[in-house]
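In the two assemblies presented below, chain A is common to both, partnered first by chain B and then by chain C.
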Partner chain A sequence: MSRKPYVRQMSKTSWFLTHSRYKNYMLHEVTCIFIAIYAVILIVGLFRLGQGPEAWQGWLDGLRSPLGIIFQILAFIFSVIHTWSWFKVVPQAMRIQRGEDFVPGNLIVGVHYGVLAVISLFVLILAGVA
Partner chain B sequence: MSTRTITMEVLRYRPEQDQEPFFQTYTVPCDPDWVVLDALNYIKDELDRTLSYRWSCHMFVCGSCGMVIDGEPKLGCKAFLKDYGDKIRVEPMANFPIERDLVVVIDDFIEKLESVKPYLIPKEPRTIEQGEYLQTPAQLKAFKQYSMCINCLLCYSACPQYGLDSSFVGPSALALAHRYNMDSRDVGRKAREDVVASHEGIWECSFVGACSQVCPKDVDPAGAIQQTKITSAIDYVTSFLPGGNR
Partner chain C sequence: MARSSKAIPWFLFAGGGTATAFILPVIILVTGLFALFGAFSGALSYETMQAFIGNWLIKIIVFGILFLTLWHVAHRLRVVAHDFGIRADTGVAIVVYGLAAVGTIATIVALLNV
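Up next, the complex of A and B:
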């Protein structure tokens, strides 16, 4: 008897809607778009700074506009989700063996949050906020 | 012992008469401690002997009875009916062609498994007279987790990357390559590199992590792949340093 295997194709456009774990994955992927846009805004800010006080002030005003504030709040929320979802899986990629034991995953994640806190504090001090 | 009646919706595909798969419903009287595989065996023995599915050990060792149960890749022998409602939907593993009913074609995986050379490649082969390859408990621990893979392929069923592009070597094969790369007795990393560090290998993985979430043996293929990415990236960078091969 001849074989006739049946192939079920995965939808290239809606596969991530088929399971909650795929939706979570897409969420942590999509959040990087906001971080990327925010990075571009900061780079533009550097250029505006180089163009003189008026250009710099215009850039600052843009950030302080209602639209700018809404975007920054969204970018902050998404960057928190991005950080949380990536730090959560770090122990899988970073497996540190000491003798016959492995460094506990929650310690590795904790150190990441600690370093993040220190760098954030440093940046806030540099910015004159803290 | 009290019995419970459940409704099993099983995806059927009989290539000699069906153009496409369809769900067939069975009413199964079950013991409370049964697993899904027991219910399938009841159907096979008492209701419909044409139903096809793979199984062997009934104790999550052989890896034969992988299937999708209520949308989740599971071993039929490890899915207890008490954890499900009165209606259970059983499908063959996703991302593989269906041969018949719950039996899928796994030829693609077998070829990929072979391609990563999943066996010890020692620096110098030893004769029996020379004795065994010695290893400390710490050296064993470095790879033991990845050696627990039973090739059940639930990871492939869960992996959207493999579903979207079947040229991807895939979670289990790459985890097994990592298992041998991490073995102190093995020197085969370079020999596996062409496949493992290729675009279709580790770099095709976008770390969805579904493979590790469904693995019934806690192998963590996603972790193995990310660790291999780090090693491969270090190899690439160091190849530009003095003494490197670039």
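Up next, the complex of A and C:
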């Protein structure tokens, strides 16, 4: 073959900066980095809990360190981005048919936010806020 | 409707994405507000958490959440690696799924030791 196909020049590492749709995609994809680190912190916490009061206190002190606070603020922001982007595509992933029609997407998303509110309130009450 | 040939990875990805979407913001809020203002310090005390995690139903729920979270992020990290230009997909897959497996076992060991 002598024909040389046209290959669009595109950076392999920063391609997503070329379009706002790609930026949005990367924004919800990178949430997993923060969620992964936070999950590791929780698992370490479970180990510390089994090792006794001093070990547990050390873990709590780590949460309260400047680095711990900065990370948790970022983790909270990215976890909310994950929730928002996840719920947004639920109507495409979950098609519920009732009779002839599909249940409207807005209703399905609304129910998800309702359940999120109930679960969040339940955990806060469990933790002793209310 | 097209059927996926990768039922197990998709179940873990979707299940984990759903579980984290519902539970993680409020969990980070609790630990984060504790870190910032000392709120919930009673709930996060050693005795309270020992009794809480000591409950078998709670152990199973905590395991379920962490298990799904680990496999959700493993799958997504694999895609993110590709998106940032790392094209060694087999190696990446071995690393991320291997770490998820290690994390799953670590979660079980940690929960059994409480």
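In this text, the second predicted complex is superposed on the first by the 119 of 130 C-alpha atoms of A that agree within 3 Å, B and C clash if a C-alpha of one lies under 4 Å from a C-alpha of the other, contacts with A are read in each partner's own complex, and residues count from 1 in each chain.
Here is the rule we use: a residue touches a chain if its C-beta (ideal position, glycine included) is under 8 Å from a C-beta of that chain, and two chains touch if they have at least 3 such contacts.
Only a predicted model underlies this, so the values are computations on that prediction, with no experimental measurement involved.
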Touched partner set for A:Gly99, first chain B, second chain C, both or neither: first
Partner chain(s) touched by A:Phe76 [first = chain B, second = chain C, both, neither]: second
Residue contacts with chain A in the superposition, chain B compared against chain C: C
Touching partner for A:Leu49 - first (chain B), second (chain C), both, neither: second
Chain B versus chain C as contact partner of A:Phe16, first or second or both or neither: both
Touched partner set for A:Val7, first chain B, second chain C, both or neither: first
Touching partner for A:Tyr113 - first (chain B), second (chain C), both, neither: neither
Common ground on chain A, meaning residues reached by chain C in one complex and by chain B in the other: 12, 16, 29, 93
Touching residues (chain side chain C, partner chain A) in the complex: 14, 17-18, 20-32, 34-36, 39-40, 42-44, 46, 49-50, 53, 62, 66, 69-70, 72-74, 76-77, 79-80, 83-85, 87, 103, 106-107, 109-111, 113-114
For the chain B and chain A complex, residues of the former touching the latter: 13, 15-16, 20-21, 71, 94-95, 97-99, 105, 137-138, 141-142, 158, 160, 163-164, 206-210, 212-213, 220, 222-223, 226-227, 229-230
Of all residues in chain A, those that touch chain B in their complex: 1, 3-8, 10, 12, 15-16, 18-19, 21-22, 25, 29, 89, 91-93, 95, 97, 99-102
Touching residues (chain side chain A, partner chain C) in the complex: 11-13, 16, 26, 29-30, 32-33, 35-36, 38-40, 42-43, 46-47, 49-51, 53, 56-57, 60, 63-64, 68-69, 72-73, 75-76, 79-80, 82-83, 86-87, 93, 112, 115-116, 119-120, 123-124, 126-129
